[in-house]
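In what comes next, chain A is part of two complexes: it sits with chain B in the first one and with chain C in the second one.
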Partner chain A sequence: MSPRPTGWHAGTVVDIRQETRTAKRITLDVPGWPGNDAGSHLDLRLTAPDGYQASRSYSIASSGESTRVVLAVDEVPDGEVSPFLVHDVRPGDALEVHGPLGNYFIWDPAASASHVQLIAGGSGVVPLFAMADAHGRGGDPAGFRLLYSVRTPDDRFFAAELGELADRDRIDVTYRYTRSTPDGWPSPPGRVTRELLAETTWPADVAPAVYVCGPTPFVESVSDWLVELGHEPRAVRTERFGGG
Partner chain B sequence: MRVDGNAATGSLAEVFGRDVSLAITTCAHCGHEDLLARCIAYVSAMGTVMRCATCHEVLAVVVGDGARFTLSLAGMRSIQVVAAEGA
Partner chain C sequence: MSFITRGFTGRGRERDPALPPGQSLVEDWPVLSAGPTPEIDTADWEFTVVTENGRHSWTWDEMQALGVEDVTVDIHCVTHWSKLGMAWRGVPLDKIFEEVETSHDYVMAHSYGGYTTNVPLDELLDGQAWIAFEADGEPLGAEHGGPARLLVPHLYFWKSAKWVRGLVTMPDDDPGFWEQNGYHLHGDPWKEERYW
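And then the complex of A and B:
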């Protein structure tokens, strides 16, 4: 696939939905957007009336040849950009975006025959959802699995869409709740462990393509364990988003 | 904030005019060769510092204010990119 041109674009907010208690799903229409591959990101820039600018990177939850770009933004309480996006942005507002960015952390159904293991921590599920969604819309034979570490059931991003993909047998989803579980859940709340990775993810001998996205400590623990479990370091692609 | 080299893609695109996350870099300190996206990046309001994933020495620094960007590649022995479309 030829690389997509990247550049600054003026987007318009066309839809806003509550994604979780602390996150919004924001759909932009971006005239001139060249489409984007599943897993890529963009930089979003805000300019204050006095000219002060702040920009942040956000993963894109959508993919394909469209000028519609879907973001899912979780509020970082003391953040500079996310509280504005979560509380103040309204349909019709203009936002400056730079992208699409990141030819590394992408999944291209035409270029990959291997199985795919997605491992998400919190809002790190956003680019992984884009991959699962592209897989759900395509006819590729890859076997997709997602291990999703999230605080509580109410904090799940794309819960309905992931449920629908699972119902169609396009993906196996394992949730790991870290703070509280649904009633009757078989295991108490807890973090992802090396043992859980070994039990619920594609083993190294099927040589899956692995994508890990989440807070930096989560991504570093998980990627170290994956290598210990026999995965090729180069088959494990990571996207850390900082924080803790 | 420690993240992946992937996170530097936007500011590097300001300098190179395109996505260079798949560029192959060689560390001037230890000789480690890797994709730019696989280095370690430290992102702050002032700019981005890219460090070698193997020896953690500084590969590159990019700072900018939206109007002008400055890139230092002092810690890279080389950077290989594929030819631009239409070249």
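And then the complex of A and C:
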């Protein structure tokens, strides 16, 4: 696949909805957006009246040949950009974005491994949801699994969409709740462990393409265990977030 | 084409002049890597430079014996964070290239794990780059590229290859891993050379 042209674009906010207790889903219409691969990101830049600017990178939750670009922004306490996006942005506002960016942490249906394993921690699910959604809309035969570590049921991103994909057998989703579980959940809250990885994710012998995204300690532990479980380091793609 | 964002005033108003455009200050040290973190024992570690004239290599102890420096530098990640005034310890590339002859103008840095990044050779010399193995007084953790990483602080931090194991000189400026994946061939943070 040839890279898509990257550039600055003015987008208009067309929809905002509450995604989780602390996150908003922001849909932009971006005229001239060249489309983006599932898993890529963009830079978003805010400009104050005196010219002061603040920029951050955000994963894109949507993909394909569309000028609609979906972001899911979790508020970083004491942050500068995410609290503005979560609390102050309204439909009709213009936002400046640069992208699409990154062509490594992406899933290309035309070049997919037969098995794809997604492993998310918290809001790290956003680029992985883009992959699952692209798979759900396409006809590729890849077998998708998602292991999703999240604090509570209310903190799940794209819960309805993932449920719908699972109902259509396009993906097998395993939730791991770290703080509190739904009523009647078969296991108490806890972190992802090496044993849980071994039980619920594609084994190394089917040579899955693995994508891991989440906070650094989560990604470090998970990717170390995957290598211990026999996965080729080069088959494990990681993306971490940190910093404001 | 910038325009004012409705309602945005900004919070980080006292902008440090040491921050390049588009960067924000962090106090912690975020980690960015494309894959799992390799574990490398310094007993097995080797650093190799390959030029058109041959091959040179140094063990961990031989590298240290070239002469270690303490430096304080700012680092700038392409994902918009910067960390100012970091104390690093390492061997300047000048010491390595005292022992190496090449007419090539560019270098590809290679890492354990397969990562590569390209840098012009003259931007690695004259006190601009180090093979670094301590940061903020601690041995460099594996997640931050330990036991040793390239340190080229005047370029975006992806150029400071983690888990570095060698350099290959080259006549042309061929792109490395991130450069093939959308990032700028050069990467000067003061010119915001982030992407193609």
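We take it that the second predicted complex is superposed on the first by the 241 of 244 C-alpha atoms of A that agree within 3 Å, B and C clash if a C-alpha of one lies under 4 Å from a C-alpha of the other, contacts with A are read in each partner's own complex, and residues count from 1 in each chain.
Going forward, a residue touches a chain if its C-beta (ideal position, glycine included) is under 8 Å from a C-beta of that chain, and two chains touch if they have at least 3 such contacts.
What you see is a predicted model, and the numbers here were worked out from it, not measured in a lab.
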{"item": "Which superposed partner A:T6 touches (first chain B, second chain C, both, neither)", "value": "both"}
{"item": "Chain B versus chain C as contact partner of A:A94, first or second or both or neither", "value": "second"}
{"item": "Which of chain B and chain C A:T216 touches, first, second, both or neither", "value": "both"}
{"item": "Touched partner set for A:D43, first chain B, second chain C, both or neither", "value": "both"}
{"item": "Dominant contact partner of chain A by residue count, chain C or chain B", "value": "C"}
{"item": "Which superposed partner A:S57 touches (first chain B, second chain C, both, neither)", "value": "both"}
{"item": "Partner chain in contact with A:Y175 - chain B first, chain C second, else both or neither", "value": "neither"}
{"item": "Chain B versus chain C as contact partner of A:T238, first or second or both or neither", "value": "both"}
{"item": "Common interface residues of chain A - those touching chain B in one complex and chain C in the other", "value": "3, 6, 43, 45, 53-55, 57, 98, 101-105, 216, 238-243"}
{"item": "Touch list for chain B against partner chain A, complex", "value": "1-4, 6-7, 9-10, 13, 18-19, 21-22, 35, 37-38, 43, 45, 65-66, 85"}
{"item": "Chain B contact footprint on chain A (complex, rising order)", "value": "2-6, 41-43, 45, 53-55, 57, 98-105, 216, 238-243"}
{"item": "Residues on chain A engaged by chain C in the complex (per definition of touch)", "value": "3, 6, 8, 10, 43, 45-49, 52-57, 80, 84, 88-90, 93-96, 98, 101-105, 216, 220, 223-224, 226-227, 233-234, 236-244"}
{"item": "Residues on chain C engaged by chain A in the complex (per definition of touch)", "value": "1-13, 15, 21-22, 24, 26, 28, 30-38, 77, 79-81, 113-114, 143, 177-178, 181-182, 194-196"}
